[in-house]
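Chain lettering (A, B, C and D) follows the sequence in which the chains are written, and residue indices restart at 1 in each chain.
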Amino acid sequence: MAIKGVLRASMMQVRVLNIEDSVKFYRDILGLEEVCRTEDGRVCFKGYDEFDHHTFTIRLADKPGLDFLAFKVSCPKALDEIEEQTKAFGLDYEVIEANTDQPGYGKRLAVQLPTGHRIDLFAEVEMAENHPDLHNPDIWPGGKQPKGVGATMVDHALLFGPNSAEAVRYMKEVMGLGVAEVARTPDGKADACTWLTGSNRPHDVAVLEFDQPGKIHHLAFKLNSWTEVGRAADILTINNVMIDAGPMRHGITRGYTIYFFDPSGNRCELFAGGYAYYPDMPVRVWDFDQLGKGIFYYDRKLKENYLEVIT
Amino acid sequence: MAIKGVLRASMMQVRVLNIEDSVKFYRDILGLEEVCRTEDGRVCFKGYDEFDHHTFTIRLADKPGLDFLAFKVSCPKALDEIEEQTKAFGLDYEVIEANTDQPGYGKRLAVQLPTGHRIDLFAEVEMAENHPDLHNPDIWPGGKQPKGVGATMVDHALLFGPNSAEAVRYMKEVMGLGVAEVARTPDGKADACTWLTGSNRPHDVAVLEFDQPGKIHHLAFKLNSWTEVGRAADILTINNVMIDAGPMRHGITRGYTIYFFDPSGNRCELFAGGYAYYPDMPVRVWDFDQLGKGIFYYDRKLKENYLEVIT
Amino acid sequence: MAIKGVLRASMMQVRVLNIEDSVKFYRDILGLEEVCRTEDGRVCFKGYDEFDHHTFTIRLADKPGLDFLAFKVSCPKALDEIEEQTKAFGLDYEVIEANTDQPGYGKRLAVQLPTGHRIDLFAEVEMAENHPDLHNPDIWPGGKQPKGVGATMVDHALLFGPNSAEAVRYMKEVMGLGVAEVARTPDGKADACTWLTGSNRPHDVAVLEFDQPGKIHHLAFKLNSWTEVGRAADILTINNVMIDAGPMRHGITRGYTIYFFDPSGNRCELFAGGYAYYPDMPVRVWDFDQLGKGIFYYDRKLKENYLEVIT
Amino acid sequence: MAIKGVLRASMMQVRVLNIEDSVKFYRDILGLEEVCRTEDGRVCFKGYDEFDHHTFTIRLADKPGLDFLAFKVSCPKALDEIEEQTKAFGLDYEVIEANTDQPGYGKRLAVQLPTGHRIDLFAEVEMAENHPDLHNPDIWPGGKQPKGVGATMVDHALLFGPNSAEAVRYMKEVMGLGVAEVARTPDGKADACTWLTGSNRPHDVAVLEFDQPGKIHHLAFKLNSWTEVGRAADILTINNVMIDAGPMRHGITRGYTIYFFDPSGNRCELFAGGYAYYPDMPVRVWDFDQLGKGIFYYDRKLKENYLEVIT
């Protein structure tokens, strides 16, 4: 099989301050489908173009942030190998049995990164009821036009934390991710930020060196085009969602983007385009003083507070 | 590494009836860069978003068609494994030494498919001089706006020939390609057409059962969006290129497309979008009588002669 | 006032074979708002970007077609002048008093064209309840995302009938419309088709010489862009609407277009773009044998039956 | 004629600090055609979709800014009426004879507005050599793909100056422009800014009350779509043009926009879309504290210095 091992960042659980406000936001504005609610009050969603049972869970908490980012693995055997290598690498992990906290999900490894983040890895999950058509398929499941901005699927997250080099080494050596781009530290001697990917996406996850552990800068869903990003800007605006930046383009990944905040203050991104990464591509390197262009390609300077407002 | 083995359909050599007319077409209208000419008069091109030395070669001949479609493999070791497995599978192949017919290319296996097509596989090739930027990269190499329709890279080809089931078996078992979609025969007992992919592209190659060997329906280059497909229609039209179908959408792959003919009668496609394929996706299945919707999603019927005009 | 007299084709009444199927089509798929129903069972609609009470009325009948196309005039005085000139020109007309058949509408002149069509002219109409915002306006009325394909407003109609030169003369001399483009007859001695406009639209109405009176080729609503035309193709397709041609571009007007049929067989168009016409522009002239390119700009040939299937 | 009197803002002369840098900017990046140079060293340009001899002139000066904005009038008789009414209104004006400073132009009235700006009005101008096709027209003149960002034509300018209410009164009463939108002063008792239009454009000119006379905020050229605005952002960026704001949408006009600076510091805009204005539309009114949303629809706040950096 040409793609094997880790396939993609495919699922995440996020903390919110109010469940119903968040449901309105993620379901009615972002257009995710509400799949189910758990006994402990969490709500599970999915994008219209996803096959997995659900891919996005919100949990009531007293501060926002990311509980974990989960990667799907091609098969149970590959997951076993990752477990072996995680042990050998020396990171702590926990095994979460099937169908415990995430309905429909098989066994997960919950790995503790040295940046303070939790990465889950799993190989098995039930197919969602409303999955994309498989027989003489229409472009939208069941012939239904997507709602709101029409987020298609989970795309990636940007993690902020200490010991990022070690986390990146784990992602490369154990998870098998490729490095698409790096941004150097000001002295040029190390990487301040690394963009990693499991297959052709320009990134499934990025990690930035930061003094506080376990923080996220943003979590991202995928759209199909610059035009959909522009339409999302219209829809976010008429719904009074606070937009942080964009619509614009990244120099890094070349993707189109808009950043905005969910009702709990989690920064979200809608991301479209970008090049198709392949492992025969050299790493693209950004000097620290060019990060402005890397992130805000058109403005060519970092927006104030861009690196400070995190959850 | 998450993607390994065969990466993508990355290069092809095509027969044309007139070199200079073809250069004007592929360079000035499709926007490929002319990289070099060989001593025997062939011309080598590449798209602006490709790193490899060249990816598209035209050769003067007395009838149009495809000499071979080449797939890039992740590393020489993977190529060696494919050679072993090709032997075991029982297909004839030839080894083409580095830097013989294709400048800058390493060793290639030229495999003879039972459909009458030649598939080349290679792991090594020099990097093109005008490759995408790697240091503080701009979105276009060297800050230059792409020309013509701005074809970005080789995307796929649709092969017509006999014994397609056996060719598909080789692509799955030896090349490790995944099957994204199939169209059943009228009796529903076999596959009339199969769409296969090495990574997230919805297809790198498709194979249709046909009584004459070694034919191609079309060769495709990649664009970035529906908007670029529309703009391509404008540019093709003002250049009097004969358009065969589109701009439109495929049901199969969900990609946006326009078909047209090069000056020698080779049908070309500009293809954009489509879903991101992952090997955890079930195969999408088309009934034979729904192929019209599969290919001409908006018209929902096959255009006359669509399956007959081939080279 | 820079624009005065006839402003635009702003309203039409169309015959349908089934009211409820038509309501589903025009309201749920095209995205028009159902404004009201009349005592005699007609249903009145409007686009989200229109201020007038309603702009599109359907009436149950035993065959499809257009009852009348109505043009809005800048003021009652201008309407009086048009009445005087219509008398002088010698066309029959009727005065329809305010609030008779069309709720909310002021007095209309119903002019009988020599092509067998009825053109209404009016200056006064009540403002719709759901009109575009006027105070710190959002881009969509009341902050609500348009439904279905999101048709914005009535745009134009293409009339087929005899004595078209005389109808065109009335439109120019009495209605004050400008001629944007003409297509010559095969012998080049007369105009087979004329595109006329009240202001910057490339056409508000077109008239083609035809042997049967009172026919329409299509009625058109406006979209905003090529991208919206493409999205409309997606939405029409998943709703099993029969698409006649497009998405494509016209050479005439340079507009983007898709043609399809309502449930009664009326050909509809969604039209976007096109140049901004001004009366200082020379008339653009098409030879008869170039009409294919004029209408099907990318295919450069008339689609079979294009000029035959009419209502 | 449905549109008569003033047709549109169709021409302007701008001051630049360096002719050759400006030629590179307006010709190679914005894509205007260089039409001719005058004996006194000015350079005349036009957009590919304009019929008039030239529509944009640059003049070497020691500070940037706008010499005049010119409006085309439907016919000499209408120009004579405007001259009469200008006298009656009491504004100073000068008559510039044909073919003096602007090659190919007929007689112009150069009217001195109380805001310190000069508005020219003219009815006659030679047709440009490279005008849009008139016989079986292609979408681009002579079948040539537009260069750079492909600016189509002059669109509008935003003027800053004192006595704006009086300037607006002149534009309404003498020039016959319609008021599409106004922004109120903080106390709500007057208009801080007024957007005026000659026909369906949402604005041909806007006037903002300001203490210094004769200033401009920006001069604008027209693009066709949001997608072209995004592509312009790409092209401006790779050419190191300083982008001031956008790509984004205005609440006012609903148009898509990007602001940037020419090499002399003149703020330019590329503007696309916006609603079609008709004189039967009520004026849209913005409260002063909502101007942020009016101009920066997605951010909903004024960008720092937006109202201060002017020329």
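Just so we're on the same page, contacts are C-beta pairs under 8 Å (C-beta built on N, C-alpha and C of every residue); 3 or more make two chains touch, one makes a residue touch a chain.
Values in this document were obtained by computation on a predicted structure and should not be read as measured data.
Novice: Does B-C or A-C have the larger number of C-beta pairs in contact?
Specialist: Of the two interfaces, B-C and A-C, more C-beta pairs touch across B-C.
Novice: Averaging each chain's C-alpha atoms to get its centre, pick out the one most distant from chain D.
Specialist: Most remote chain from chain D, centroid-wise, comes out as B.
Novice: Using mean CA coordinates as chain centres, what's the gap between chain B and chain C in Å?
Specialist: 44
Novice: Nearest whole angstrom, what separates the Cα centre of chain C from the Cα centre of chain D?
Specialist: Each chain's C-alpha centroid was found; their separation is 31 Å.
Novice: Report the inter-chain centroid distance for chain A and chain C in whole angstrom, where each centroid is the mean of the CA atoms.
Specialist: For chain A versus chain C, the centre distance works out to 47 Å.
Novice: Can you list the residues of chain C that touch 2 or more other chains?
Specialist: As it turns out, chain C has residues touching two or more other chains at 138-139, 225-227, 234, 237, 249, 297.
Novice: Quick one: in the complex, what on chain D touches chain A?
Specialist: Interface residues on the chain D side: 226-227, 230, 233-234, 236-237, 243, 246-249, 256, 258, 297-300.
Novice: What residues of chain C sit close enough to touch chain D in their complex?
Specialist: 1-8, 49, 51, 72, 74, 127, 132-139, 175-178, 197-201, 224-227, 249, 251, 254, 273, 275-276, 278-287, 290, 293-294, 297
Novice: Inside the complex, what are the residues of chain A that reach chain C?
Specialist: 138-140, 143-145, 148, 225, 227, 234-235, 237-239
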